[in-house]
Amino acid sequence: MTLRPWIAAAALAATVLPGMALAQDADVTPPMQDIGYIFTTFMFLVTGFLVFWMAAGFTMLEAGLVRQKNTTMQLMKNMGLFSFAAIMYYLVGYNLMYPGDGWTISGVLGAFGAASLEPVGLADTETDLTYASVGSDFFFQLMFCATTASIVSGALAERIRLWPFFIFVILLTALIYPIQASWKWGGGFLANEDAAGFMMSTFGTIFQDFAGSTVVHSVGGWAALAGALILGPRLGKYARGGKITPFPGANLPLATLGTFILWLGWFGFNGGSQLYMDTAGNVADISRIFANTNTAAAGGAVAALILTQFLYKKPDLTMVLNGALAGLVSITAEPLTPSLGAATLIGAVGGVIVVLTVPMLDRMRIDDVVGAIPVHLFAGIWGTLAVPLTNDAASFPAQIFSILVVGIFVFAISAVIWTILKAMMGIRVGEEAEMNGLDMTELGMEAYPEFSQS
Amino acid sequence: MTLRPWIAAAALAATVLPGMALAQDADVTPPMQDIGYIFTTFMFLVTGFLVFWMAAGFTMLEAGLVRQKNTTMQLMKNMGLFSFAAIMYYLVGYNLMYPGDGWTISGVLGAFGAASLEPVGLADTETDLTYASVGSDFFFQLMFCATTASIVSGALAERIRLWPFFIFVILLTALIYPIQASWKWGGGFLANEDAAGFMMSTFGTIFQDFAGSTVVHSVGGWAALAGALILGPRLGKYARGGKITPFPGANLPLATLGTFILWLGWFGFNGGSQLYMDTAGNVADISRIFANTNTAAAGGAVAALILTQFLYKKPDLTMVLNGALAGLVSITAEPLTPSLGAATLIGAVGGVIVVLTVPMLDRMRIDDVVGAIPVHLFAGIWGTLAVPLTNDAASFPAQIFSILVVGIFVFAISAVIWTILKAMMGIRVGEEAEMNGLDMTELGMEAYPEFSQS
Amino acid sequence: MTLRPWIAAAALAATVLPGMALAQDADVTPPMQDIGYIFTTFMFLVTGFLVFWMAAGFTMLEAGLVRQKNTTMQLMKNMGLFSFAAIMYYLVGYNLMYPGDGWTISGVLGAFGAASLEPVGLADTETDLTYASVGSDFFFQLMFCATTASIVSGALAERIRLWPFFIFVILLTALIYPIQASWKWGGGFLANEDAAGFMMSTFGTIFQDFAGSTVVHSVGGWAALAGALILGPRLGKYARGGKITPFPGANLPLATLGTFILWLGWFGFNGGSQLYMDTAGNVADISRIFANTNTAAAGGAVAALILTQFLYKKPDLTMVLNGALAGLVSITAEPLTPSLGAATLIGAVGGVIVVLTVPMLDRMRIDDVVGAIPVHLFAGIWGTLAVPLTNDAASFPAQIFSILVVGIFVFAISAVIWTILKAMMGIRVGEEAEMNGLDMTELGMEAYPEFSQS
Amino acid sequence: MKLIIATIKPFKLEEVREALTAVGVRGMMVTEIKGFGTQSGHTEVYRGAEYAVNFVPKVKLEIAVASSMADQVVETIQKAANTGKIGDGKIFVLDLQSAVRVRTGETNEDAL
Amino acid sequence: MKLIIATIKPFKLEEVREALTAVGVRGMMVTEIKGFGTQSGHTEVYRGAEYAVNFVPKVKLEIAVASSMADQVVETIQKAANTGKIGDGKIFVLDLQSAVRVRTGETNEDAL
Amino acid sequence: MKLIIATIKPFKLEEVREALTAVGVRGMMVTEIKGFGTQSGHTEVYRGAEYAVNFVPKVKLEIAVASSMADQVVETIQKAANTGKIGDGKIFVLDLQSAVRVRTGETNEDAL
């Protein structure tokens, strides 16, 4: 910015030569009505970059949990999916999710059209200063959309072809995610507080999902489940006679790093979902959310640690990582109202769910490489169901109904898309390609070319 | 949050159709008295997540500096210790450390009882708005407690059993850390500014430790030292005749990443310890702290780089990493008052200390796998002693006395706990298990199962 | 800080026993005139730590793209260069870049002298509260200087000696970068808005470079290019007859992590360059910048993905990583004025440039190990040229002139320094050392000592 | 006794190992190697530069057996490792003069 | 000359190497391998699924020696590598027809 | 037939491979090994403690050839791998009794 040099120089001079300091000018401080807007907008930028960081977390988690020979592919899918998500959410998703008054079908299908931001400097516009800038809101919401896509990539690793995966991601981030998210967060029918609206008249409460145990995580989980079923398990994973062959992750430090990144990003994910930081009450609420999010993750990790110790005699690191993430997913539907103790327990139940359902999926021969379905779908359902335990504005029937509506919509449409992709272009690499690893056969590039394998 | 859809939509609409913008409503901006509270609270959340991130830094540093065969164990210990610390600090530590008026023994032993946060939205409560939300303070302080535990895990790597380690962590984070921290930061006897109090009447100053060179880092270091002595060195580390066998770290990129993560997190560690961001003076002070923290780390790294070049002809990366961290520990006791030049020098001395004391410990046959004792204990003592050099409110006698009081307390109680654990359940894996690596013997899971070893 | 214990305790007490809450005291909230200063200063601290984080990003990117045997060296160079940059920018660079009124040669050569910060608590000083604290400004600007040095290290990897590299970094960060940066950001001749000044009278506009496509990125690129030419390619890279031997990067997950880190850091890089967050307009602008920065990276990644798919039948992950970075560099010169669509396209062109120029450099036998020259120099030039497309305050002639002035200055002076270093001490390791890897020959330390090589 | 050295495709390892166990082989040494042969690798592009990958990852087995078993072992490997595609590998037989079991000091066929 | 191939437990490598140096062995080749034998691995659980680890990490030594030294070398290895537990390894002796030192072109025992 | 085992410096691998191809060798097995010999490593300092690196990274080639070609192959390796410095490596020749091509079942020289 062109003003930089002089002002910076002035600031320096002011210190070095205090006598030179400019007289205080009352016009420089923000006008009173800007302050809340600045607080909330900046909060979205900070929490938004934390959620962005989760994309790196998923990438590292997945790169650590696949086998060496499929690592480059996993990296490529994660870089690609975030980039496609960013572009599709801008072109289609944002207005579909937040149509304001422009619903195509009221409360069900939002508006079509690319997102556009405020003019530079808010020039020539009367801005509503009670919330935050559209730019910051767009930035923040975009990251949620990308998160949904990240969830899918882990479950389908080590066998899916690159472009069919990207095509699915494009449809997921442009259409599936935004449409269902509009029902709740865009003010659609699941969030309609009119006494005469469907939710209130039927259940007496609307659907409550603070930061997206259902709207984000279970959606990713349903899409992944549909994909995993249609794609089939990895070669050699399930032998006749029920024998399950584990394919241990190649690089557990990366997987652990990914988990820590996700944990960090989640403070933004849940904290930013408070949506306001313009009063003491709001910032105190964000603080509650940070503390609860942290303790739920700890609860999930400890639960998985203790449970795997008891079940298998040796604690399982990958389960502890999944347990922490399940704790985070579990608290996401309601990170505000629980006490620290309740949050810890809600997270711990998430950890238990993961430890019990990972082998269950294996027994069902549903091959989920990184545990995405237990973590995001099962713990997401649990988290959504747990809301009424601490929040009176939620009810079990409304929660169950919403879980089902969202689940059926996402699972069905995902299944249709995967089936069409399978029929039209094939979604799975060939047998020999899968044996030799996707890195060489699909991308011609090894992730660790100089490290010898054993 | 249920308000999300409509407000977000409104914000969008406001931009797209500026004519629709709501009239400015004075009630929406934060009330004047909220502003400082929002600033300080949000500052704690941001610096708190930075300190959280240090948990990932320790994990990567340690995972990079142990041998391949003990890597999963190190990851497990770090995930576990953070989770246990989070839960114990909530259940016991926080009120023990910050008893307010509820001291069990005045100035020495705080209050017992689990932490509880403000009600949602600060409803029905008259909140003191001069500081920050309890939630943010709890979140921030919790991270310091976890840091202390992280320090211990590195020193004892590659031979300690999992559960005895966790039991120690639980006692450290529930009791040892909070009790001694209450003496200084909880307003206990080391911080009592009454002229009649012990410190003022004896030394004329209280104990000064801005962000915890002593209260956090040396405490972790003392606990680690007690553990290292009782646990003994790794098999084969020290041969008869004084021969020392180095066990080079298996993955230096991870160790370097860990160092950068810690460096980043330290801005939060020191910066947040300003405790207020409600005035220009406070935010300018936080800026000073950020700049000083950075330059001290740089000083420590450069000192270690040059010194190892001279001593060993080839600079030693692991020493440079340790040097940067030692610089950070050194400036932690007083990151505010030094000039940039003084901060650089304080950090550089820290770097020198590390380079000289790492081999010293080896000569004493105290086996500290990652250099935690030189970095956190020795540089922590140096940093604490350096406070009076730039801060008139500190005095050498008061600093030395406090270092000793804290050191003796922590070392003695840690030694007792380690000894009891050793007697009761054994703290060390068997010889063959240690030879074959803790990953397979304790956890049955290799960190890099497909990479062959040489 | 000594006030910590009692206030924290009070805050706790206030919640637990609301009756005890202190009466609201109007003096505690920030004085009105402090608010904008706090906002902008805190913004610099947050964006500054994000830019700091880029140092880790470069380190991981480069450590992932070199061969195993040169990894420790690359880690060492990155730790060292950041540390040297921090110290040199403090000692020399900052005042050379921001001389205020103290130009040695007006508009061309700034002031000499070490940086100094405001007094603690802004005591006894009349501070200009219209901008931000010097500490935060220094912290933020320092990170840009270090970034410039990071760029050089990647291009010259795998063959340059340690100390000649550090000497160059010292000169670059103390002199070359600050001097040319002063021309634009220090208010020098490229930024002189006087109608009578050279730029306005010649071109009708000044030079526009919002966050440094030219001032930072191309400067790093020019210095790297001069170094690469004088240093020569790695042994075996270019055989007679034009055959090019690729040396695949040893650890692509690290390279991908590095890219994500850089992407995250770039929000701070571009966002903080708004320089003010004291009004709704400014914070909305920062939001635009965040959104545009993100979409430009996505555009660059997608462009590289699609283009390498078409050109080589298999998409190239390393190109996609470079493409995302090129998108970021491209938008850096003007992240504010473009619409989301324009930003995406500007980034996409950056991605295309990288895919086309990486092999071009190879054909010219200029060996740039990580693609630093295409990413930072070529995309930096493109980004600078693209400013007039969306910003009326810029003109092509002024942009081209400034690119040339900066380029010639940096390239020439870098070439001279490299040549002198080559003549005086040699800049390249011996042939056998290069064959065996710099890690063992220069540092005696392998990055992955236990992993066997294939 | 004979020392049988076989190089096979990595993904056949488990199958070959099971087949050998079935015919009574009780031990072997397994090494990851890079094989060079008619199946001479392939061309890849890295950052726009083409290059040939000359080596193909293979697994090498070394098995000491009583001379009487040698033919059967060779045959078993040949069958189990066969895919009919280029690069399936080779089996070499060398004469083994003596063998010792470290644990007990037993020698020759008792050591296997 | 003889080529002695021995497979031992990895943590015994240093001890064996020192013992061999003591009896005059001046060179060897060392390879990380996966051993399969009576010490047939163990069962682990990964994410709730049990699986058998059939291979055990071993180290393989290859040492060319003059025929006269062969017995002593075998004995030395057997002693140094011995722990008395299953999986201690094997020592195989093959006949070596000729040897060449690359640097000088010296042949046979001069090359060792 | 003969089995030629050679250990060379890693950076010579490509050169040796090309020289062997030129004299008609169509296949080989390549293994990364650690070599121990006169070129006995070096001393390094890690965190202030000195230690000897006894092993030097080497590459091992195993090549089965018709007896008639053996001498030429040995000579070719010796020339191509030679740098004249200590640690250039060794070439060993063993007698190979039989060879089988897994893909076709061809035996002996047809299998090579």
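Here the chain labels run A, B, C, D, E and F in written order, and each chain numbers its own residues starting at 1.
The rule we apply is simple: a contact is a pair of C-beta atoms (placed from the backbone, for glycine too) under 8 Å apart; a residue touches a chain by one contact, two chains touch by 3 or more.
Keep in mind it's a predicted model, so treat the numbers as computed, not measured.
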| message | On the document's contact criterion, could you list the chains that touch chain B and likewise touch chain F? | response | C, E
| request: Using the touch definition from the top, list the chains contacting both chain B and chain C. | output: A, F
| Is it true that over half of the residue numbers where chain E touches chain F are used by both copies, so same, or is it different? | different
| More C-beta pairs touching across which pair, C-D or C-F? | C-D
| query | Using the average of all C-alpha atoms in each chain as its centre, how far is it in Å between chain C and chain E? | reply | 52
| field | Intercentroid distance (Cα basis), chain B paired with chain A, Å | value | 29
| said: Distance between chain D and chain E based on Cα centroids, please, to the nearest Å. | reply: 18
| request: Mind pulling the residue numbers of chain B that touch at least two other chains? | output: 33-35, 37, 46, 116-118, 127, 129, 132-134, 248, 251, 257, 314, 316, 318, 444-445, 448, 451-454
| remark: Contacts with two or more other chains occur in chain D at residues 31-32, 34, 44-46, 94-95
| task | Sort out which chains touch which and give me every pair. | result | A-B, A-C, A-D, A-E, B-C, B-E, B-F, C-D, C-F, D-E, D-F, E-F
| query | For chain A, which residues count as touching chain E in their complex? | reply | 244-246, 248, 311-312, 314, 316, 318-319, 355, 358-359, 362, 371, 454
| In the complex with chain C, residue positions of chain B that touch it | 32-37, 39, 43, 46, 50, 67-68, 95, 98-101, 116-118, 124-134, 137, 141, 182, 184-188, 191, 193, 206, 208, 210, 248-253, 256-257, 259-261, 263-264, 267, 271, 273-288, 290-291, 294-295, 297-299, 301-302, 305, 314-318, 320-321, 324, 336-337, 339-341, 344, 393, 448, 451-454
| field | chain F residues within the chain C interface of the complex | value | 11, 32, 44-46, 57
| message | List the residues on chain B that touch chain E in their complex, please. | response | 435-436, 444-445, 452-454
| Where on chain B is chain A touching in the complex? | 1-16, 18-19, 21-22, 24-26, 28-31, 33-35, 37-38, 41-42, 44-46, 48-49, 52-53, 55-56, 59-60, 63-64, 71-72, 75-76, 78-80, 82-84, 86-87, 90, 114-118, 120-123, 127, 129, 132-136, 138-139, 142, 162, 251, 254, 257, 442-453
